[in-house]
Every structure is written in structure tokens, then in C-alpha cells.
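Okay, so subunit A shows up in both of these, paired with subunit B first and subunit C after.
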Partner chain A sequence: MTSTLKGITLKGSAELVAEFFSFGINSILYQRGIYPPETFTRVTHYDMSLQLTTDPKLKNYLTNVVSQLKEWLFECTVQKLVLVITCLETNEVLERWQFDIECDKSAKESSAPREKSIKTIQDEIRSVIRQITATVTFLPLLETPCAFDLLVYTDKDLVVPDKWEESGPQIIDQSEEVRLRSFTTSIHKVNSMVAYKRTDSV
Partner chain B sequence: MAEGGDVEWELSKENIQPLKRGRDISALHQALSQQQDGLSSAINQQRQAFESELRMYDGDDPLDVWDRYIKWTEQTFPQGGKESNLATLLERAVTRFTEEKKYHNDPRYVDLWIKFAETCPEPLDIYRYMQAQEIGVTQASLYIAWSEEYENQGNCRKADLVYQEGFKRGAEPHDKLLQFHKALQARVSRQVMMHVEEEEDSDDEPKEPERVCLADLRHKGKKKAIAPVNRTGPAIRSISGGLQSRGAPVLGNASNSRLVIFDENKSWMAPPTSRAKENEQRPEKWCDVKAPPPPKPTFQPFVEESDQPPTMTPCKINPAVNTVLSARKPCREETPLKRLQEHHQQQKEAESGKPQEQSMYCKELLLSGATEFCFEELRAERYFKKMAQESQEARGQKDQASGSAAN
Partner chain C sequence: MDLEDDTTVLTTLKSFNSFISRPEHPQRLSDHSAGSGNLQSQYKRSMELLEAAEQVYSKNRYLQLDQEKKQMEMSHKRARFELEKAASDSARDLEHEIDRNQELLGRIKKLEERETEAAKNLSEQVEANRALRKNLEGLNKKLEERDSRLNTANQTVSSLKDEIRELKQKIQNKDSTISTQTLENQELQEQLDLQRRKYQEVSQVCQNLQAAQSSCSEHIIKIKELERRLALQEQDIAIVKTVKSEVARVPDLEKELKRLRDDNAFLRESRENCSLLKEEVEGLRRKLERMEKTKEELVNMELDKERLAEKLQAWENLGQSTGLNIRKPEDLSREVIQIQQREIALKEQNYTLNSRVRSVERSQTELRAELSQQRSKTLEEQKKRESQDALVRRLQKRVLLLTKERDGMRAILESYDSELAPTEYSPQLSKRLREAEDVLQKTQNHNAEMEAQLTKAQEETGTLRLQLQTVELELDSLKKQQASAADSSSLATKEEVSILRQKIEDLEAERQRLEEQNNVLEMRLERHNLQGDYDPVKTRVLHLKMNPTAVAKQQRQQEVEALREEVTHLRELVRSLQDGGSLVHSQDDSSMHSSSLGLSLPPSKEILDLRKQMESSELRNQRLKEVFQRKIQEFRTVCYVLTGYQIDITTENQYRLTSVYAEHMDDSLLFKKGSNGSMQLMETEFSKTLGEMVALHLHHQKSIPAFLSAVTLDLFSRQTTI
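Entry: the complex of A and B
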């Protein structure tokens, strides 16, 4: 009983992190206006209000990505998840949300659960998502219609699944980078960062 | 948190005004840390440097200094406000160059005008004025800002017409104008579609109010607090997605209204209260009732012997910023646009050779910035400039001398 509440296993950790990405990506898509606000619905999770998309295609896509991600997290083969926001017309990269994932590869499925309560982890996740919401204070306005893309960095020797293809890093030249908070489940550690096009001032 | 200093911006996120072009994060951190101890001397020094540069500049692009000064102000005062002097600065800057034809279609100048318009109560008037003065008429950004203003006010037809005008004048960059025009059309057509849809499936039941704040507000304690947070009418802006929320704008939720309307169809819940209560006063005339004078204290209040009432309330006023408030005089109400027009009028009169006031001192130089300079400051500026020049020359000579000695 206590072990499920107070400790964390590799599987549970992978699930928590995947869940964070699901909510985090939805949050970003909503905050940055990539999809129209009325295609989102409000849910309460992590003790806070979050926006989840209701667009069936997007939902489907995200579920696929997240379940794939969960697998990779479980195998500890994923290094980074990047959400790239590009201008629809010019394909120029305007924003880049990067989540670095540090996996503790010594954790095995059979190994004993780590000491960290789910509540503490969720508190940490909440402050990350809060910070994502707060970034509108300095991010530039996205004036043009934008599209988004998800990039996943994995270990080299991984077989690329059918629905994935290799891609370039899509880096913004002359970017401003802001580190956000990080959280850790004691097995996976996620560092967040946002990069945006530098303003030409000062 | 491990990232210690990085959370600074998050702690004061409510006090940061978002900028269209975003903020420089390092400038933001610096500004926020400096502002904890009032207007720091570093900021003042930099402002002073800009002010003197405005006056001393003798290159062929005086707009550049203004442009840098204004951008610096935007980044250094994240919360805007009177201290930043931004509105004054913008007004001075746009007024300063109204006569300089070479700047009229300079993107930087047009941007300043648009920023200026956004600080004005009636931006549309400013855009019209710009058009009349041929300022920015070949710049796409003017038409985009103008059209957005119309759209915000809900006048989509005019918003479209503005783009037509832009195309007619061949505004550049053409692609950008085209793109924004397309986006506008898409927004408008979607709105129309949704209205049609709404009418189709609108049964008699009223729409639920769609707009909800982050979470329901709950009251604490005994008091029943009611917080109506429904935005209505023009307060609902269509966001960049350009889609209006589907719910009909409501004038306050029914559950929020405190006003109970008497319904005569309802039967009496209880009989009218009887008058036979003991401690109830009957209503009577109040006009000649006087309040009893406040009772004199029965003791002598202690006053310290050395105590003297302060002759003046101590207050800290920064001479650089005029933050003293006074009641607004209704007769002297003037909009920035009026001032602009007056300025323009004066220029015209001057051109037509009408005799007018002429100051016999360098008034222009003293007043040209956002703050006023005094003669001594100007003289000091000139002196330092001369000194710097001389020391440079002296160094040059020394170099030459040492060079010849080596030979």
C-alpha cells in the first residue's frame, strides 16, 4: 500500500512524464494560439485548470506521440522532446520549446521503487506548467498563422517507427533562450527551455 | 529552486507588459532587479546619456537615437507607467520629424507612429492624420495596424477597406500585407459561418456563457462574496485565432445578479411584518436633527515638549520625473492629436512668412528630449566632448612622437 503511494517505479515514472508532456503540449498549443481557443476544453488536473484540445485529429496525433513516448521513456532511450512552432507561410522557426530528459538507466522494471511521493512530483510538474503559462510576459506575439511540429531525440541505435522520420534540429538563428523550471521523478529528470527569435532592440 | 535567479520574471509576471516583439530576457532580469530599490542610478545615468545624445547628435540620422532611446525605455520599464515617460517620448519623437520628408516612409518612423497611436485614446484619428500627412502611406505596417484597430472595434468592413487602400498605394512589403489581409478575410468568413451555424441550431434555450475564468471563485469566511467575471460587448476581443467565443455575450450571469426582482405572481412567503415591535423607531423627519458634538476627552492628551508639527510633509520627488498629481483641469483638455495639429499649423505659418515668436536662446536644444535640460548641462556636455577630443588628439600626437622616436 505504502509503496504505491510513496515510492515510484520505472513504469510509473514513464507514465507520469508522458502525462506531463501531454498536458504541457496542450498548454503550449493553447497559450500560443496555434489552434483556436474554442477547440479546447477545460479540465482540472494537478490541482489546476488546464486546457485540452477537442480537435479529433490533433487529439489522435498527440495520443499516438505520447504513447510512443511512454515506451521510449520506459526503455530510457529518449533524450529530448522539442516542440517547434513555425510560420505557416514562410516555414521560418519562430519558437522552440525544448524538454531535455535525463534518464537514470540503472533503474530497471524489477528494481525497488524510489523514495519520492507522487504528490511532490506533481507539485513540481505544476510549477513547470505554471511557468509555461507565464512565458507570455516576454514571448513575442505570433502575428502570423503558425504550425507546430514535435521532434524527439532518441539514442542512436533505435529503430525508427513507421510514423516517424528523421529530421533536422530546426534551430532558430539568433535566438533568445530562457530556461524554465525542471522536475524530476528521481528516474527521469526533465529540464525545460524555450527559445524565441531575438528582438532587434537594445 | 536550482535556477534561483531565473524565477525573477515569474514572480513579477503581472507587472510586465507584453510587447509585440517580445522582451530581451537579460534586459528584463536587469530591469526587475534594479527596480527593487527604486529608480536606480544606473537607469538614470543611461537615460541622461540618451538625453544628451539627442541634443549633441550631429550625424545625418537623428531618428536612430530616438529609436534606440524608445526601445531602451520599453525594455527597461517592463511595467510601463508614468515613470517610463514613454508616451511623452513617443509624442516628442513623432512631432520632431513631421517635417522631414525623408523619414516619412522610414519603417522605424512609421513604427514609432504606430506605437504612439496605440498610446492615444483614439488611434483611428492618428492613422487618418498619418494618411493626410503622407506618413507611412507606402508601409504595410500602417495599414495592418489601422485595420487591426478597426477590427478590434468590430468594424470588419472598414478593416477590409483599409487593406484595399494599402494595395492601391502599393504598400511594401506587399507579401506581408497580402498575408495579413488573407488572415483577416479568413477570420471574418469564419465568424460569418459561425453566426450562420448558430442561427441554424439556435433553439429557444439561451446559450450558456462561455467565458470562464481560470477557476471558479469561491468565497471565504462568512461573507457571501459574489464576483461577476463575465466580459461583455466590446470587452470580448477576438484573439489572434480571430474566433469569437461562441456563447452570446451576457450581461452578468443570472446567479451573479444581486438584484431580486419583485414578482407579483408569487404568493406571499410570509405575512407583512407587524409594527408592534418594542425597539423599532418610527420613521420621522431628519432634516432638523443635529448630530451631538463630539465629546471632549476627559483627560489631557499627552504632547511631547520637543514635538513640533513638521513644516512640510517629507516626500521624495525625483526631479527627472514629474509624478506630482493634480486634479485635471477640464478646460485645458487636449489630445496628443490636437497638439500635433497645432504644431503643424505653426510650421505652416512659419513657412508662409508670418511673423511669429522667436526665442533668442537655443530653446530647441533645451527642450528637445523627454526631459528639460538647463544651460549648464548643455555647456557641460560640450565641454566634455571637447575634452575627449583634445585628449584623443594629444594621444595621437604622443603616438606619433613615440613612433618617430623609434625611428
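Entry: the complex of A and C
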């Protein structure tokens, strides 16, 4: 957060959004039980207690993705970040956490900071993360062993970096969608939503 | 009364004592003071005094005695009274005693009677006693006889008991011999079992032998085969020799091979070329076909062209005929556009005309309204005029009347003038005349005014009429105009308008439909967006190659592969084992032997060893079992002989005790071992009969051995006493 208290720059915004993704992904993984709860530690951030993973492999993966994402956010070439939860037994996509990112590309030209305090942005982020935590109440239970993947929707003209490759959208067959809250840094606007496979019982 | 008397006595005694004690002092005083002169008097006096005192004393004594006497009398009376009382009591007692005496006498009599009865009884009893004694003596005699008999019987009994004892001993001996025989029998049976087992072993060995024989025969077959192979090999050797000779030719052949290979390569290339050429040919054929098609198309096109040229000619002709310079479709379109523009202009004109017509109509209606107003006005004016005409006529009449009156008046005046002197009445008359003239003039003025008004009104009506006429003319002209306008364009425009309206409606409907469709599509797009769909033209989806899903999947696959390998491995193992264990794997363990034992025909060395081991161990086990059994049997017999109880285990924790001296075979005692090791007696038919002993030894003394020995003793005594 390099920006001053008064406003927010493109770089600050990118960092703020990347940080949100880091915490958001961690809390989804914790809430949905993709990784065992004992591999998480409690951390206080955004004036609330959050769970961060201690699994070294996962940590490494997340830092890789988030740092790359930060770069793309700075370039305003990201459209979406999607967390896909796949069943390992059937290779079926069970849940899709989608974060639509709307970039204000005019911020790239003008470097003037926007008038929005970090505190209000963090308040918005906190409410989004709270909602993610609350979704556990209606999402169906993941009964089989699952793994997750992060998809990034970028502009077509982007050069694919090493270690990255193109992938399918991993769309859920017969899904239910729920829109969650959104927040904006006045440069990046993040709309969150979750889609999950409709179960027969519903 | 007595007490009062006593008190008086006491008082007198007191006074007397006081009197006695007092005079001593004066005597002494007199002794001292008076001397012996007065002695006589004194003596007399004292004598008197003494006499008085004696008198008093006697009196007192008398009184006292009297008193005593009274007392005595009183006591005497009392005594007598008491005596009388006692006498009466004794008399009463006496009477009582007499009564009792009588009663007793009655009793004595009764007793005497009884005594006599008893004496009688006694005598009877004595007689009976005597009879009984006689009986007794008889009985004693009998008893003695019996005793003697009993003695003899006892003797016989003792002799019999001795016999029984001997017999029992014999029986015991027999029992022991039986038990030993049963033991021997068991031993023999065991030996038999052993023999049987040995026989089984032998038979097994026999089987093995047979198996070995069969294997031997197989081996022989194998050997034969091998011999055959050997022969074949010899043949082969011969062949090899020929081959060697051929081998010498190999370099030549290799060269040839190289050449052929080259040729082959060349041919391959040529084949590839050929295929390429074929492809080309194919392509060319396709091209040709396409060309033919294009040719046909060309012909068609030419035909079309001719037709179009004809059409063009026709167009041109049309252009010439119409006078418009239409040479090309562009011209036509231009022309059409012009026409359309013209049409538009005409439409606009039409619209303007329509609007004008409408405005004119509006003005017409206004004018009509005005006209009606004007008409009403003219009617009013006419009415006014008529009324004024009437007024004028009336005024004229009046004027006539007045002129007549005036003429009359003048005639009267002239007559007066003529009759009278003008001087007398002339001023008066002239005055009147003047007045009358004034009035006349006024009326005339009024009349003139009225006439002027009338003319004015008439003029007004005239102007109004003129106006009306002009308006009517205008109206007519307008009507004409309208009619002409309607005639000229109304039909066309109306049709056009209706067509256009319909078109507009259609377009509106289509627009709404499209809007709805648009909404639906937008919603669908939104939904797709929510589901994660994307536009592949603008967007690409990226993810890290080494993402957790891929890693997990890979791990899973690896696991699956490992498991599959293991499965195939195990399957092979199983198959090899089923084939007879000829391929003994290093992983083979003894547990698998037993499963493969039944199927294997030629058992491996290891298996044989193990089998031998197993047999020896089994043999050892059996021997140990035998020894144990023997020992156990020995122990049991010893226990049986020593304690007199045979102990059997019926079920878990239950022991059945059968005594040596049991009267029946079924008589036994059941003990159950409790969880804490204590023994409890269970109820059996036999134990029910031993209630006393159970109560004494088990419940009271709480000793099972005591109970058992008591039972033994009881049974023993029962057996011996019979």
C-alpha cells in the first residue's frame, strides 16, 4: 500500500485487490475444507480474524499466482479470477467462485490518485469476505476428496508467461448461481459470485 | 379438760417455787439486820408459812391426784370401751369361724367320701396291677425267647456282613480291574488310532509314491522329448553346416542388400512422389471439375448476360420512349429517387394542403358560427327596423294628428282673432301658439332623429348583408377549393397514409418483439457470464501449469498405476502358485504353501522339507497328546480311588462329581466355578436329597471338602448297612 491516506493509485489498487484475492482464496479453501483445517493458522487482518495456510506447497503456489495477478492488475488486462473446485474421483466441477474484475483503463494514462480512502475499501473487502464465510450455510457439502484450481481470464493480446498455459473455462453442468457483494477501489471493481452444482435433493 | 387441769397444776407449781425461792433472801437479811429478836416470830411465821406451803402442797397433791384419778377413770372408760369393741369383734370372728368350721366339716365329709372311692379304686388298681404283672412276666418270657432268637439272627447277620464285606472287597477289586482294563482298552484304542494315523501316513506316502511315479513317467516323457530334440539338434547341426557355407556368401548378399535398400529407399521416395503426384492429380481433378463447373457457370453467365443485355436494351428503349435519359440502372435509381423525392415533395405539399384544408375548415366553421350570429343580428335588426317603422308610422300619424290639431287650433285662433280683438287675447294666444309651435318643432326634431336612426339601421343591415354575401362567397370558394384538393390527392394520399400507418404499426410490433428478444438474449448472456462463459475472441483463460488440481490428479494416477502394477504382480504370483509352484518366487512364504499344496503335483524341495517338518511336529504333538492323556487318565483314576469321586467337566466351568458309593449311576453332584474362583453347588436330583448336609456343611461350615466327605460317609454307611 504505497498510496497515501488521501487517495489511491493504480499500483496501490492492484496491490489491494491482489491482497484481497490472497485472503479470499485462503478463506474459501478453509471454509470448503479443501485442505485440512489444522494446516491453517489464525491471522488478524481487515480488523477480522482470517485463516492462512501453512502448507508450503500451497503457499508457494498462491504467492506465484497472486504476484502474477498483481502484475496483470497493474496492466489492467485481467477480466476474471475463478477458483474452480473439482471432484477428484469423477473429475467433475462442483463449485466455481468467480471474481469479475472491471478495470478502469483510464487510470493507466493518468497517474492522479483517486479519492477513496483505504479504510472504506477495506470495509468493503471485509464485508465480501464475511459473505464468503457465510455461504457455507447454503452450499452443498463436499463429500468426496476435492482439489482446486485458479483460472485467470485475461485479454487476448496478452503474452502467456512461462509456467502458465491456456485452459478451458471449467463450466459446471447444471449450476445454481449466487451473486455476492462487490467492492471497488475506484480503479478496479471486483464483483464476486459463486456457482455450484445443483444437487438432486434440491 | 385434762390439759387445762394440767396447766393449772403447773402454774401453781411455779408460783409455789417462786414463793419458796424468794423468802430465802429476806431470811438472810433478817439474820443480818434483825438478829435473834425476831426469831420466834420468824419461826412462827416460817412454820405458818411451812404449814401454808404444806397445805398448798397437799392441795396441789390432792388436785394432782384428783386429776390422776380422773385420768385413770378416763383411761379405764376408754379401755372398757375398747374392750367392748374387741369383744364385739371377737364375737363376729367367732361367728365367721363357726361358719368356716361348718364349711370345712362339709369338705371333710366330701373328702372322706372321695377317700373311700379312692380306696376302692386302689384296690381295683392293685388287682389290675397284679394282672399286668402276670402279663409282664409272660411277655418277659417271650422277650427272652426273642432275645435268644435275635442273638442267633445277629450272629447270622454278622456272618452275612462279613460275607458282604468280602463281596464288596471283591467288587472293588473287580472295579479296579475293570478300570485298569478300561485304561488298557483306551491305551489300546490310542494305539489303534496311532496305527491308523500311521496307516494314513503310509497311504499318503503311497499316494506320494504314485505321484512320484507319475512324475517319473513325465520325466521319462521329457527325456524322450529331449532325445528327440537332441536328434533335431543333430539335424540342426547339419543344417548349420550348410548355413555356414551359405554364410560365406553373406558379404555378396549384404552388398546386394545395400543395393536393394537403396533401391528400396528410392522406391519409397518414388512412392511418396507417386502419392504426392496422386494427390496433385486429385487436386488437379478437383480443379478440373471446378473449372468445368465454372465453365458451365460461365455459359450460364453469358446467357444471363444476354438476357440482361436484352433487358438493358428494353430499358434503354424505355428510356428513349419515355424521354428520360435512362441508360443504366443507376439512372433508373436516380430517376426513382427523384420520383420519390418528388413524391415526398408532393406528400409534403399534400400535408400542407391538408393542413390548410383543415385550417380552412376550421375557419369555415368559425365563419359559419359568425354567419349564424350575423343572421341573428340581422334578424334582430329587422325586428328593430320593423318596430321603428311601426313607431315611425305611429309618429307620422301623431304628426298628422298634431298638424290637424294645430290646424284646428289655428282655425280656432284665427276665429278668435277674427272674433276678438287681437289686443285682448293676442299675447296669451301668441304665447300658447309659440308653445305649441315649440312642441311641434320638438316632435319634428324627434321625428327627424328617428328617421335618421332608421336610415342608419337600414344601412347597417345593408352592410351586414354585404358581409354575409362576401362570406358566403368565400365559403363557396373554399368549398370548391377543398373539393378540388380532395379530388386531386385524397385518394392516393389516403391509401398511402393507410399503408404507411400499417407499416408503422408493423414496425412498432417488430421493434417490441426485437426488444424482448434483446432482453432475453441479454439475460442469457448474463447467465452465461455468471456460469463462467467467455468470449474467446477477446478473452483467454490461463492457469498455472502446476496447479493443485493437476498435482492431485497426477498423484492419483500414480497411485492407480502403482496399485495396478501391484495387482498384476500379485496376479502373476497367484497364477504361478496355481501352476504348481514350479517357479518359486523369493517372496513365497509358508502361508501360501498350504493353499498350493493340494494342486501341486511335483512338490518343490522346500515344500517337501516343510511338509516333513510339519509331520514331525504333528507327530510330536500327537505324542505329547498321548502322554498327556495317559497322565491325565492316571491322575483321574488316582483321584477317583483316593477321594472316592470321579470328576468330569460337563461344560465350561462346570464339574460333575460322581461318588464311588453312589446308589445310582445318575447320582452326581454339579459344581459351577464362579467368576471369582469360588465353587457353587448346582441343584441336581441327587443334591435335593442331601438338604441337611448342604445346610450344615455348605451353608453353616462353608466347606466343600467336609460336605463331600460327609456325603461319602453317608453313602458308604448306606451301602454297608444293607
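Quick note on the criterion: the second predicted complex is superposed on the first by the 195 of 202 C-alpha atoms of A that agree within 3 Å, B and C clash if a C-alpha of one lies under 4 Å from a C-alpha of the other, contacts with A are read in each partner's own complex, and residues count from 1 in each chain.
Just so we're on the same page, a residue touches a chain if its C-beta (ideal position, glycine included) is under 8 Å from a C-beta of that chain, and two chains touch if they have at least 3 such contacts.
All of these numbers come straight from a predicted model, not from anything done at the bench.
J.: Should the superposition on subunit A be reported as showing a clash between subunit B and subunit C, or a fit?
T.: Aligned on subunit A, subunit B and subunit C fit with no clash.
J.: State whether A:Met193 touches subunit B only (first), subunit C only (second), both chains, or neither.
T.: second
J.: Mind working out whether A:Gln170 is in touch with subunit B, subunit C, both or neither, as first, second, both or neither?
T.: In the superposed model, A:Gln170 contacts subunit C only, not subunit B.
J.: Could you say whether A:Asn64 touches subunit B, subunit C, both of them, or neither, answering first, second, both or neither?
T.: In the superposed model, A:Asn64 contacts subunit C only, not subunit B.
J.: Looking at the overlay, does A:Val82 come into contact with subunit B only (first), subunit C only (second), both, or neither?
T.: In the superposition, A:Val82 contacts subunit C only.
J.: Look at A:Phe148 in the shared chain and tell me whether it touches subunit B only, subunit C only, both, or neither; answer first, second, both or neither.
T.: After superposing on A, A:Phe148 lies in contact with subunit C but is clear of subunit B.
J.: Would you check which partner chain A:Val136 touches, where first means subunit B only, second means subunit C only, and both and neither mean what they say?
T.: The first partner, subunit B, only.
J.: Just to confirm the geometry: in the superposition, how small does the C-alpha gap between subunit B and subunit C get, in angstrom?
T.: Minimum over all C-alpha pairs: 13 Å.
J.: Which parts of subunit A are touched by subunit B and by subunit C alike?
T.: In subunit A, positions 145, 177, 179 sit in both the subunit B and subunit C interfaces.
J.: Hey, which residues of subunit A end up touching subunit C in the complex?
T.: 57-58, 61, 64-65, 79-80, 82, 84, 86, 88, 91, 96, 98, 100, 145, 147-156, 158, 160, 163-172, 175, 177, 179, 193, 195
J.: Any idea which subunit A residues touch subunit B in the complex?
T.: 33, 35-38, 42, 44, 48-49, 89, 130-131, 134, 136-145, 176-182, 196-202
J.: In their shared complex, at which residues does subunit C touch subunit A?
T.: 527, 529-534, 537-553, 556
J.: Can you check the complex and tell me which residues of subunit B touch subunit A?
T.: Against subunit A, the touching part of subunit B is residues 1-3, 6-7, 9-10, 13, 16, 18-25, 27-28, 68, 71-72, 74-75, 179-180, 183, 210, 212, 214-215, 239-243, 245-246.
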